[in-house]
Amino acid sequence: MHILDDKFKEECGVFGIFSRDNDDIDVASMTYYGLYALQHRGQESAGIVVSNGHKLNCYKGMGLVSDVFNESILSIFDGKSAIGHVRYSTTGSSHIENAQPLMKKYKSGNIAIAHNGNLVNAKLVKDELSKDGCLFDSEGDTEVILNLIVENKSNDLKEAISSSLKNIKGSYALVILTEDKLIGIRDPNGIRPLCIGKIDNSYILCSESCALDAIGADFVRDVLPGEIVIIDKEGLKSDRFTDRIECKTCAFEYVYFARPDSTIDGINVYESRVKAGKILYRESPVDADVVIGVPDSGIPAAVGFAEASGIPYGIGFIKNKYIARTFIAPSKKLRERAVSVKLNPLKMNVEGKRVVIVDDSIVRGTTSKRLVEILRKAGAKEVHFRVSSPVVKCPCYFGIDTPYRKDLIGANFSVDEIRQKIGADSLAYIDIAGMIESFGKNDKKDYCLGCFNGLYPMPTPDKETEALV
Amino acid sequence: MHILDDKFKEECGVFGIFSRDNDDIDVASMTYYGLYALQHRGQESAGIVVSNGHKLNCYKGMGLVSDVFNESILSIFDGKSAIGHVRYSTTGSSHIENAQPLMKKYKSGNIAIAHNGNLVNAKLVKDELSKDGCLFDSEGDTEVILNLIVENKSNDLKEAISSSLKNIKGSYALVILTEDKLIGIRDPNGIRPLCIGKIDNSYILCSESCALDAIGADFVRDVLPGEIVIIDKEGLKSDRFTDRIECKTCAFEYVYFARPDSTIDGINVYESRVKAGKILYRESPVDADVVIGVPDSGIPAAVGFAEASGIPYGIGFIKNKYIARTFIAPSKKLRERAVSVKLNPLKMNVEGKRVVIVDDSIVRGTTSKRLVEILRKAGAKEVHFRVSSPVVKCPCYFGIDTPYRKDLIGANFSVDEIRQKIGADSLAYIDIAGMIESFGKNDKKDYCLGCFNGLYPMPTPDKETEALV
Amino acid sequence: MHILDDKFKEECGVFGIFSRDNDDIDVASMTYYGLYALQHRGQESAGIVVSNGHKLNCYKGMGLVSDVFNESILSIFDGKSAIGHVRYSTTGSSHIENAQPLMKKYKSGNIAIAHNGNLVNAKLVKDELSKDGCLFDSEGDTEVILNLIVENKSNDLKEAISSSLKNIKGSYALVILTEDKLIGIRDPNGIRPLCIGKIDNSYILCSESCALDAIGADFVRDVLPGEIVIIDKEGLKSDRFTDRIECKTCAFEYVYFARPDSTIDGINVYESRVKAGKILYRESPVDADVVIGVPDSGIPAAVGFAEASGIPYGIGFIKNKYIARTFIAPSKKLRERAVSVKLNPLKMNVEGKRVVIVDDSIVRGTTSKRLVEILRKAGAKEVHFRVSSPVVKCPCYFGIDTPYRKDLIGANFSVDEIRQKIGADSLAYIDIAGMIESFGKNDKKDYCLGCFNGLYPMPTPDKETEALV
Amino acid sequence: MHILDDKFKEECGVFGIFSRDNDDIDVASMTYYGLYALQHRGQESAGIVVSNGHKLNCYKGMGLVSDVFNESILSIFDGKSAIGHVRYSTTGSSHIENAQPLMKKYKSGNIAIAHNGNLVNAKLVKDELSKDGCLFDSEGDTEVILNLIVENKSNDLKEAISSSLKNIKGSYALVILTEDKLIGIRDPNGIRPLCIGKIDNSYILCSESCALDAIGADFVRDVLPGEIVIIDKEGLKSDRFTDRIECKTCAFEYVYFARPDSTIDGINVYESRVKAGKILYRESPVDADVVIGVPDSGIPAAVGFAEASGIPYGIGFIKNKYIARTFIAPSKKLRERAVSVKLNPLKMNVEGKRVVIVDDSIVRGTTSKRLVEILRKAGAKEVHFRVSSPVVKCPCYFGIDTPYRKDLIGANFSVDEIRQKIGADSLAYIDIAGMIESFGKNDKKDYCLGCFNGLYPMPTPDKETEALV
């Protein structure tokens, strides 16, 4: 659908709320608005599970949060705690069975789970569980985690969870709901984000802080790597389920995935993007008449580049606001006719000018090529392409939908080859050190840079690697 | 639906294409993309009529262009010329019967019409026609025009049209399709825009030039007030259907309705908005730390204000991209909890700062009040509100959906009273002269300023006026 | 939509269930299947309200029961008692606001109501209530009843209801739900049916006994005219809210509306229809080769006619099973081409034969005419039309959607004129005495025969009468 | 969805129309109504291709004919010839890619094809074609046939088709459309039906004669096994594409698939079913009080059984008319509560009686068991089950969706074992000779009886056999 949308895809957003004391909170509506704020993390399916104290009720469906739920559905939910999930639309298995949260019975009641991330040893664990007669209804990793918990012999839920997590490897930000508890978990590397908020006496867990703003809640803190937080009538308790902790937040959250109004692990996303633009200018300066950004995620870096360079910032493209899943992509013939239906260049800002165009990343290169063409057709004298992330060279195994290596332009060509392919007069990427600098001066903090340098926080499965390569 | 969208509503967009010679153009697809570019002018319904030379075929439906049409439908259209229409969603009569284009039989075949604008004497003419036994299927003005043409006794289409137009008063940008002709008409005051484009040897007519860009066509010129252009196999012929011509382009097209990448009657919309921001600073300067714009239409004026003032421009709000008709608006209770689901302030740009917020207009004032609240909650030290259009005091009779006068805040309160109501530290509107200056130095050009000063290009119907007042 | 469906339309079906003791009953699912069994009483909208003991939750939507509800929606309902409603699709006001059950707050909690019937003094009562500041959200009668109850000053619900009912006149079979009670009411004339069923220790109320069969419940008895039954944890209690009771069951329930597998006020619908066929033969015998019935409601009377006459019964028409709301009715041109898309005659049963065709009623006569044409085209030598209800001459004011008097063929023409119009060789209707005989020998039982003889159980509103005449 | 619908499933219906001379026929509407009459042959998807003389236009979608098409879509079709297709909903590959007609380019234009049947050597041929570089977009057999034709080297279409058909084995009733021709083909065994009709000067091809009645056309004759008929402006020409012809019409068409108002290969379906009922009584008489049929397809045989036995015929079950794809099937728990939502027994016809129940076939036996239970619960004293087809023992390879052999009750159990399983007092099937007798005295006519006796008209693929066994 997105002809100009050649980006990595995030795989999920999670949300949870536990209403305490006499807080008069409609948890289903709160979850609805929280998921709506996290909609950018997944548009394939949406689901909400509400606990009414003695039963969990679940509603999920394919599509956007606003497609799946209506007022009547929200109104028949009844309860004081809830979790929700939005899932990204991969092409393959877009089935309702894979929609989350997932729900199962376990020893002492029901349990529901929502997951953002990806396991690297899911197949192995699944095979083990299947051997023991465990059945799977969905294709995803999440049911592996859920079944581990459900099959665990311990009568204590926290222990069952902690012990289950010892068996899995990969990235996971989890929210779990039982009749009387809301639980949040972040993997030992903290690859995917998860934070805690508060409204009156009630607690919220969510993938990004922008969901707290959406519902008028206050940010408390991030869940720590390897931490498990348990919220119930008594309040919030925290524990560690492992000691082998090493924070490796996914760098791409800052570069592209997260909403600019979120703050993740102490780093404000918008601020880091503006800084990246400044550093990008410092690293790869160019003489030009105007700096423009690719809407929407390239804008903050363009603003930073303009500020650092003194070159005026201008709006380069007008984006059609009416993007829909059902939009018919132009045929090749029409594309050759220079149809530009999603982004239209603002001629007065580019005609006869030397243009710096800033984007956050280049994945396949097809969009970048198209943008350069459009700018030239609109009269740009020169087009200098600047990218506020380093060259993407490797696939992700931790929750991002990346194309096969053969389709990753950065995995197969030099920067100058890419420049030629996209037709720019110059091309520069920020380097890895520059990107890390843009995140701030916190020297203790570390990041997962796997897609840039191939160094992952843990061994990745060989077979699947080959498949992806 | 749009809780933060307290704006005037445009009532329609029109598009037409006539493919000549051997141009291998898929006119149905072209119309689809053209309408998609004009989607901001109407989201209630969409329709396309295609002529295959001996018959007109019509398909229309409720919803966005991308909802109404799919590839199969476009593919079964067959022909060399087409017109299309997008219609605004008024609350009242959202019925398929009112969707356009409208189609009828007439003496020498079939005729289809698509209309942007509003007649002020529709009721009178309709009553006359009804007396003569003419039947109406829809509620709108457009069928009045169509029936006048169809009932006209002349055998010559152009004459039938010209003579029909003498009976109607109001605003109208029309595209008309017959088996072998595409016709474009603009009312004698040129209140609503209509322009001509060309691609190879084929002609396009459309409400705004952005639709030409979308399909890769070149801008030729605007249709003139009082002009009728007839396109057929021979090419384009122009004529006047009246001599009483006085150009009065709707000023609100520049202020808010039109897409910033369009150029209307020689004035680039984006440029005029930036200029308005500059003039606004000149007229009502203020000392501040940051200038922010209300997305999306307030941004260019904010950029202009920043540039003129030297105060840094910043992104003030992150807008949720997943706006849908089915979105559930937050309840009053949730709004009081400071839920901010559509626009989230970017704290780092406003916290502790004196903020200038620029919007293009204030209609009811509800949104403005909410924005000021949100900014204060995000930590703004001062909030100075600037509006890049003059105070809106009167309803529109020429194609804009305006609220009743009692709901127009500018019709009932002084600027200082409005300031108090919205809770801003200061409030200023551009004045009418300033706005006209922003459109450019073309002294000959005139505008309809009715909603600002109550002076309309022609007498308005008294009864209806009362109803609206 | 129904080209061959020229029948009166029933206006509603109601259902209620109260689960007692430890009966493990899923009341939402039970209501779903109960409404599904009553679907023939209304296809416009469907709704369910469930009480979870401290709150009423409502879900309703436009369309069939199977369109409105899905498994997820049913599963998130939680509770031990419920009511449901199906509503007939009138052309005018097919809005969700008019869908039932309706729900309001009252002194001691929430109250929901579902109604089958029609008030004759609704406008008067509504005006009274409105004067006292009472607000109405829907157009229907039902909200009048609900508001009377809600506004009543008594603190005792039963008293509030009884006193409210004193103010209304017309037909009403009502089911009412509060947090802890299920209430059933039938108007003093018992015009619309309502019966009581039981499953284990749990009670059911529903319009027709076929809904009891559908869910495996046992029939207990009919609710009596003027009776109010209150079901709660203690069991079922009965009371009368008036002494002016005179049973006048709508005769058309037996003739056409009710499902043949229902038993209403002691009369089995199927049996009465077969008997009507026998009496019809006795009254208007004819020599013929085959008796056929018009599917579906004419079949039992045809079976009876065949049995009484000794003429063989045959299947006359094959009905297309795939009838849908979205079906495109054939154009006049196609109808003239003898297109027969809904009913196809079974040639081998009619070709060269003298055919008796039995239908339950004739309303406009258009379908009857069409059926005679189709039979003749299929080779019938003679066509004798027999109608198992008397001539319909007057509109209904008690819950049936009847056409204007000018469209009622029986109100405007003699039987012989009708015969000529529909093109039959002979035509006979059962007479009123014959119809009453078909209902059984119960001499004490009386019926509303208003649509046949203009004698209604109570005065009808004059103004509205005129409008209908 | 169909809890009481334990039947074989037909796999398709086809329709074609070629309008000649000045016949003023709307071929798209005709195809719509024709497909609607054939809807029982497939409910998964529907499609229409129309030729306007120089181009083929196609529209298809998932769902019923009335879901897929609306008036606007039909109205934009333009042309004088058309084909259409309805497809059965198998659970597996319910994708739009498999919807028919299929369309491709070939040497001299475009070609569209619609197919009812199944090839037994599709995989082999597909592999051959793929080796030669031929690409496939769908999973079905039909594209194999289409690609054979398209890839054929002959410039003469008839020759290309005839030569292609030599490569395929199985059952096929085909309609093919090009810009200027409509072609009908039936496989050398004539397993699936196809007939010719006429309206004015225009020709129709369709799976069953009921589609001719639906559109007011006259039946001309059946297409012969091994015949190819070509219809164009000149009229209808017939040829044989093979000499190895042996008519083997599928016996199940008469038993269950075809509509009773159709006549196939000279045998009237209704008549054959009534006769089967008579023969069934002769073969397996029983003393009883009433004969009832299972709606809808068991009714005619019940009528015949009653007539032959002198036992009165009665309506045994009332069928809910509002069956929809979205209907929620009752849970096991509810089924155990004797919920009977689709078929409700008419108590007065079965209570205290010895009942003969006639059905057309038993596949899995689950429905039969349920029906016996329901009858007993309704008070039947004895239940004698009679089946108007022989025991189904083998899968079908020629266009019917049959369950795995392990699920075919007749393949695994003796008649008495089946009787015990379904709980009947007696059980009898018609024997094969009896069924053939019911088809008429035409000794020359032969049938495919594969599902009854395992003797197929041609060798079946071993591997797949195993898979099915």
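Should a chain be cited, it is by its letter among A, B, C and D, assigned in written order, with residues numbered from 1 in that chain.
We take it that a residue touches a chain if its C-beta (ideal position, glycine included) is under 8 Å from a C-beta of that chain, and two chains touch if they have at least 3 such contacts.
This structure is a prediction, so every number in the text was calculated from the model and none was measured.
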Which chains, if any, touch chain C and chain D both? none
Give me the chains shared as neighbours by chain A and chain D. B, C
Could you please state the distance in Å, as a whole number, between where the Cα atoms of chain B are centred and where those of chain C are centred? 50
List the centre-to-centre spacing of chain A and chain B in whole Å, with centres computed as mean CA coordinates. 36
Taking the mean of the CA coordinates per chain, how far is chain B from chain D in Å? 54
Could you check chain D for residues that touch two or more other chains and list them? none
Chain A contact footprint on chain B (complex, rising order): 26, 29, 32-33, 36-37, 39-40, 43, 64-67, 69-71, 74, 199, 210, 213-216, 259-261, 268, 270-271, 296, 299-300, 303, 313, 315, 318, 320-322, 324, 326-328, 330-331, 333-334, 337-341, 344-349
In the complex, chain B touches chain D at residues 50, 52, 55, 57-61, 72-73, 75-78
